[in-house]
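Presented below are the structures under discussion, each in the form of structure tokens.
Two complexes come next, and they have one chain in common, chain A, joined by chain B in the first and chain C in the second.
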Partner chain A sequence: MTVTQLLDRFISVDLLRSLEIFCPELILSATVVLLLLCRMIGVDRRIPACWIALAGSLAAFLGVVVQLRFMQSPGLELPSDFFGWAIGGAVRGLAALFHLTEEGVGTPGPYFTGLMMHDALAVMFRLGLLLLLVLTLSLTVLTGLPDQEDGADFYTLLLGAVVGMLMATGVNHLLMLFLSIEMMSVPSYAMVGYLKGRRQSSEAALKFVVYGAGSAGVMLYGLSLLAGLFGTANFHEFAARFTVAMAGEPFSLTSGVVILTLLGVAMLFVGIAFKLSLVPFHFWCPDAFEGASAEVAGFLSIASKAAVFGALLRFATAFTGDGESIRQLTSYLGVGLAVVGAASMTLGNLAAYTQSNLKRMLAYSTIAHAGYMVLAVAAMMVFRSAAPGGLLGSRDPLQESVLAVEGLIYYLAVYLFMNLMAFAAVAFIRNETYREDIDACRGLITGNFWTQLVCVALLLSFASLIGIPPLGGFFAKFLIFRSIFVAGYLHPVLWGVLAIAGLNTVISLFYYFRVMRAVFILPRAENQRPLEMPGVVAAYSVIIALPIFLLGASPLQARLSETARAISASLFY
Partner chain B sequence: MNNDLALLSWTIFLPTAAAAVLGVGFRDENPNSIRAMRWFTAGVTFVTMILSFLIYQRFDPAQAGMQLVSVKSWIPSWNVEYRLGVDGISMPLILLTTVITFLSALASWSITRQVRGYMILFLLLETGMLGVFMALDFFLFYVFWEVMLLPMYFLIGIWGGPRREYAAIKFFLYTLAGGVLMLIAMLMFYFNSGNNFNLVELAEMARAGTVFSREMQIIAFVLLFIGFAIKLPSFPFHTWLPDAHVEAPTPISMILAGVLLKMGGYGILRIAMPLCPYGTQVAAYALVAIGAFSIIYGAFAALAQTDFKRLVAYSSVSHMGYVLIGMAVWKIGEGGELIGRDYWNMGINGAMFQMLAHGVSSAGMFFMVGVVYDRVHHRDLNQFGGLMQKMPLYSGFAIVLFFAGLGLPGLCGFIGEVFVVLSSWNYSPLLAIIAASGVILTAAYILWTIQRVYLGPEYRGPHPEALSEMNEREFSVAFTLSALAVVLGIVPNTMFRLMENTTDQLTRTMQQGYEATREEPAVELSLTQESPFPALPNR
Partner chain C sequence: MSDVGLTPYLIVAAVLFVCGIVCMATKRNAIGVLMGVELVLNGANLNLIAFSRYGQLGFDGQAIAMFVIVLAAAEAAVALAIVLNFYNNHLTVDVDQARQLNS
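Up next is the complex of A and B:
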């Protein structure tokens, strides 16, 4: 097919559907343009930029909600009472507003000529990302991070990064993988350096840029290796091309094809590991987070991880298939990821212990959590490498991989709330005390009622990060540990990884509870007055902290777990 | 059926609801509202106690299995259920929990700062404890087990003594480590049973003997045992206990000693033993030996203390050793047949009774230490003496409770120890002699303590002017505990009646499970064996 034919076909068949699916990204891009226009003609003095950004992201969020509704069930199964009718009406109204049709967004499949993939996984990840965007925007409104002058710049960067992240969740092509990761990275560099007056901030941004550029280069090289070797950059053709390239040879590390593939994948993983802040590509993370404002650090720690995990899932499943050699490759990659995860969590937890700056400590904590989360992907790879009827017996390895991905999705959902709460609390404390070290938290509980509520919310978040029931973090960890345990039957190395993960849970107690000790037990320093946080801050904290609890001890858990399973099944079936 | 669900759930969650009311309802801390909060908490714990009596009323001791079982679906995609129930092992412990909690709520008047936070955490703690004793789902059990961590950490860490932070984090760390081991054991059972968390069904699979292989049972038992032994606490894992008990405020020490330690024993009886009969049998001798060693070690350590509270804490280590012995005196012959099932039954009953008796006597002892500490603000045994003259009523009750701890016939401590020692003779005369000789050491440290604190010519320590007699509130707590010690000592059958049938069934099923597992050929079952149950349905 020539390029002209391809274009013709695209315009006549695929374009409308693609644009419908792409609607959240388009809305965000339009908001960015609007923000800049408003600034140019001076409207931003009357309507603050934050409200325009918030309205735009809410619209994008609603667009994804409609997509999800169409995606979920062909006939919108709603209860036939008033609420069902109201929801159905609202969805139809919104659909008409955004020009979304059931044929367009309701059918999963590749779009933009196969560059991108539309399925439940992508829709759900976008929903989560846009929810996070809305929450982060509200947080910046509460804490007053960008002032009137710079509002438009800041929100432009934030929304621009989110567009990249939304795209990353649906990548189906090596080029799009690279583009989307760069698209989310470049605005992040600027956002980290956003506190212009502070040297530390600029230094952090510079470090971030240098690391980012380096890893992007390595990634690009790996990408070209893979594309050159397989003659395609389309994910779903990799497995078949690999088998063809092996040409019936047995899988061994002396085979050129295997070495090239492993090298290419490893180099690509460098770029991904950089965004996930996995050891040994984590060095930028503590510095960048310390220099950036807490709101930006919180946003980056969650959003770029979630988006890249979405891309990683797609990339990882591209290397699975039926055939002896591809199975062995998958197994290699899975065990390698598990080892990286174990190293990540151990180093993150140990390094966090010595930190005195809250943001730095939380940065190491996110490194550790990336380690836990990548274990789910590792388990999924190991399951995919199992031949049916092997060591797992009557259990279906494919079903087990669905469960592993379910664990990852659940973890990300809880992580959104618990990590955002932790960083939001840092921002609130900074606004009151102008400090961000652990000592600033001393005796926080002696403040007014609203401050006490924030303290309790922070406690819930930290306890959930450790993984103490009845909080969401525990159930998420339980799901991932379970998958690793079962995967241990296929590859006993994973049992060792499970032991390390268990040990890490205990170690992590120390540094989280150093903060809790300061907040609840230590007295306020002599010269400091008790804090008086405003009620709206407490309300925000309660809204963020409540899901942490609900996702760990309520029937809502069952709903999320089922949804996550359905989503992860869409990746495999 | 629905009624049972409501009754059990209300018993568990009434304190949580009350904690929420406290959190929102009582904002400021003036003397009036502090008084109101104290009475409110005491009232809530009292109502919870009444609810537990209602459970007792519905409970039929003649039946052996689970009663009042009530189920509600929680996470169906993972087979996790909200499943509650009561049997002869948990019923007495539920009663103990609500009674001790009510009494410690009455003892909480000594807390004077941040009263609201204290009361909230105290009530959350009660929810966790009751939940552990009623949960029949492994996942739910684990959740309740860990729910207690946070309240306990803060109760010790904020309202404790000088080294409170160290003690609190040590307690947290030990229990969390035990919890992680339990989690891994839980995953093993979950996978091997075909995604089942139901403790009754898991025990039934263990009885049938074809599901859990021998290696798996041994590994799981060791993991579970370490998790529970930390809580019990038994010898190598006990070091958190003296710190936590000493630093905790009096009412929390009462709860720690009176209820929390019992959860270790309960966990072994409810989970570790029925789920791994083969593992239990393999480890039985080690358990009895650890128990005997704990008795002697705890008693010697108690003898060496000069801190009154530390002495009582080490006496707990010593007393809980009997619990471990009593549970594990499972003697088998060459062919795997059970020798002397009545002795084993007696041992388990004795262990259960010892838990109850220790719950009463050690909570009482901690309360008595607290009463005098509130007055003179020190706990140095060498500076006491002559309290009998100044506070005769207090000293009288204290001596009753200390003698109950000593195991004087006619008081509660005697029954449990005698049952355990008698049953262990059948198992191993050597260990029985060691365990019995612990009684002499116990007598030594208790009598020496009484001599140093209550007898003697006059009190020469600091603050002699503060030594006033107990007030009505303290009197009622001391009286209730002493009365319980006497009643349990004279008519132990009130409690044995409840547990007999259940222990009988427990020993029977465990023997069946052991024999079935023992006969399985080794090749067919290994750790990497597939589960005979199908995987989760795809959704």
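Up next is the complex of A and C:
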């Protein structure tokens, strides 16, 4: 087949539908171009870059909202009261504006000739990522991170990274996996080094880029091995090709195909684990977060994780299928992931305890949380490896894997708010005190009313990060722990992992408590005045902190859980 | 010229990969580390091209290799800018001097 034929086929098959689905990414890319153009002709002196970026990301966000509406209810059936009518009208108007149609974005399935996958999971992840983008943009406007001169640069990088992340949630092909991970990494290297005059910032960026480039290289080599072994780069063909390559041999660790597959997957996982900051590829995380500004660190800790978890889910499900050998492979990978998760959370929580810098402490807490989250993927893999009617008794393995992924999605949704709140609080404290260590928080509660509100929001976020009952973080942890417990019936190693995870939750209490003690109990140092944060900062904190509470102790909890289950089901059925 | 088959390509690619990894691990100069990364990427590229010529990978392998070449250039541009910024702040490109942030 010649290139011309390939192009013709591409245009005739699904180009229009693909472009519709790709609309949020296109809007963001157009915004990036617009930002650079405005700067070139000097418009950015009259219209600050942040407003252009905010408008662009809001438009992309609305685009995804419309996609979600089309996806949820094909005929757009809404309650026939005023609200239903208004929502329906708004969705139709937006759909017309973005040229979205029901046949295009409403039907799940692969697009761009199978390179990408469009389903409820991708749409939901993109919705969350764009929400985070809007929140991060507002945060940088509030804290004044980029000045007038450099604003366009910063927002270009931020939006560019988000384009890569949006793509990562729908990968269905090894090329897209590598491309999207690189597209989110390269701008984030520059964002970490954004405070270019500071020694620490340049050091952080150097470490990040050296480790990042190295892990990307290893990942690409693993990718080439897998592609060569299977003779395809499409995820949905992996399981079948593996079975063919095994040629009826029993699964054993001495078989060449198995060794090569495990090697390829392990090398590819280096790149993924690097982005998720899992042990043993976490070195960069504390250094990069300490050197970067708190806003950037908060954004990276949530967004790149969420996006890569989306990609990891798809990559992991590619190695599941029917057949004895593929089941054993799935089981190996699942247990391996669980061990990596247990190591990450233990190291993260133990190392966080000795830190005095807030961002560094939160970086280790991020590592620990990545460990909890990867357990959900591990449980999913172990369930998928179960033969029907096996050790699970009356439980359906497929249903259980849906529940495991539900836990991950729930966790990510809550994590968005709780981690963003924690890093936003660091940024607010830095703006007032010019310090970022735990001592700077001493007696924060003695400040004015707005400062006290921020303190309460920070308390909510930390309590949720620990997993204290009525808050969102508790339910998220509970769902994952439950899945791990059930998966233990299939593979007793997971019970050990569960015990480690439970112990870790207790350890994590101490270092979060140290910060809380400084904020609420310790007196302010004598030479320091009480803080007076502006009201708008408190308003932002309340907006972020409210969902942490609502996603745990209100009917929204059940709604989120239901939605997460529906989304995760879209991955399997 | 006779066709040498798949294996020699894979061996050369593996040698390139190992050279790159050793280079990344042992070089103290940041530019040297980045050169190691380039070796690793090109080793993987050679693999992909060989698989697309001799295996069943077809156009996919060549397409991936093209994208990797472009990405490697982009990554090198950003990485060199960051190294230059590090030099401006520290007056060295020795990665061992980057230890201010250790706990």
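Here is the rule we go by: the second predicted complex is superposed on the first by the 570 of 573 C-alpha atoms of A that agree within 3 Å, B and C clash if a C-alpha of one lies under 4 Å from a C-alpha of the other, contacts with A are read in each partner's own complex, and residues count from 1 in each chain.
As a convention for this text, a residue touches a chain if its C-beta (ideal position, glycine included) is under 8 Å from a C-beta of that chain, and two chains touch if they have at least 3 such contacts.
Computed from a predicted structure; not experimentally measured.
After superposition on chain A, the partners chain B and chain C are accommodated together without colliding. Of the two partner chains, neither chain B nor chain C is touched by A:R126. Contacts of A:G228 after superposition on the shared chain: chain C is touched, whereas chain B is not.
Of the two partner chains placed around the shared chain by superposition, chain C is the only one that A:A216 touches, whereas chain B remains out of contact. When the two complexes are overlaid on their common chain A, residue A:R17 makes contact with neither chain B nor chain C. Residue contacts after overlaying the shared chain place A:Q557 against chain B, while chain C stays out of touching range.
Legend: residue contacts after superposition of the two complexes on their common chain; A:L6 is shown touching chain C, with no touch to chain B.
Looking at the shared chain after the overlay, A:H118 reaches neither chain B nor chain C.
Applying the stated contact rule after C-alpha superposition, one finds that A:H491 touches neither chain B nor chain C.
After superposing the two complexes on chain A, the angle subtended at the C-alpha centre of chain A by the centres of chain B and chain C comes to 140 degrees, rounded to the nearest 10. When the two structures are aligned on the shared chain, A:T354 is found in touch with chain C, with no touch to chain B.
Superposing the two structures on chain A brings chain B to within 25 Å of chain C, judged by their nearest Cα atoms.
Once the two complexes are overlaid on chain A, none of the chain A residues touched by chain B in the first is touched by chain C in the second. Remark: chain C residues 13, 17, 20-21, 24, 30, 33-34, 36-37, 40-41, 43-45, 47-48, 50-51, 55-57, 59-61, 63-64, 67-68, 71, 74-75, 78-79, 81-83, 85-86, 88-90, 95, 98, 100-103 touch chain A in the complex. Contact residues on chain B toward chain A in their complex (touch as defined above): 27, 73-78, 117, 142-143, 146-147, 149-150, 153-154, 157-158, 164-165, 168-169, 172-173, 176-177, 180-181, 183-184, 187-188, 190-191, 528-532, 534-536, 538-539. Chain A makes touch with chain B in their complex at residues 391-396, 399-400, 402-403, 445, 449, 459, 463, 466, 468-470, 474-475, 478-479, 481-482, 485-486, 489, 498, 502-503, 505-506, 509-510, 513, 517, 520-521, 553, 555, 557-558, 561-562, 565-566, 569.
Contact residues on chain A toward chain C in their complex (touch as defined above): 1, 6, 174-175, 178-179, 182, 186, 189-190, 193, 196-200, 202-207, 209-210, 213-214, 216-218, 220-221, 223-225, 227-228, 231-233, 286-287, 290-291, 351, 354-355, 360.
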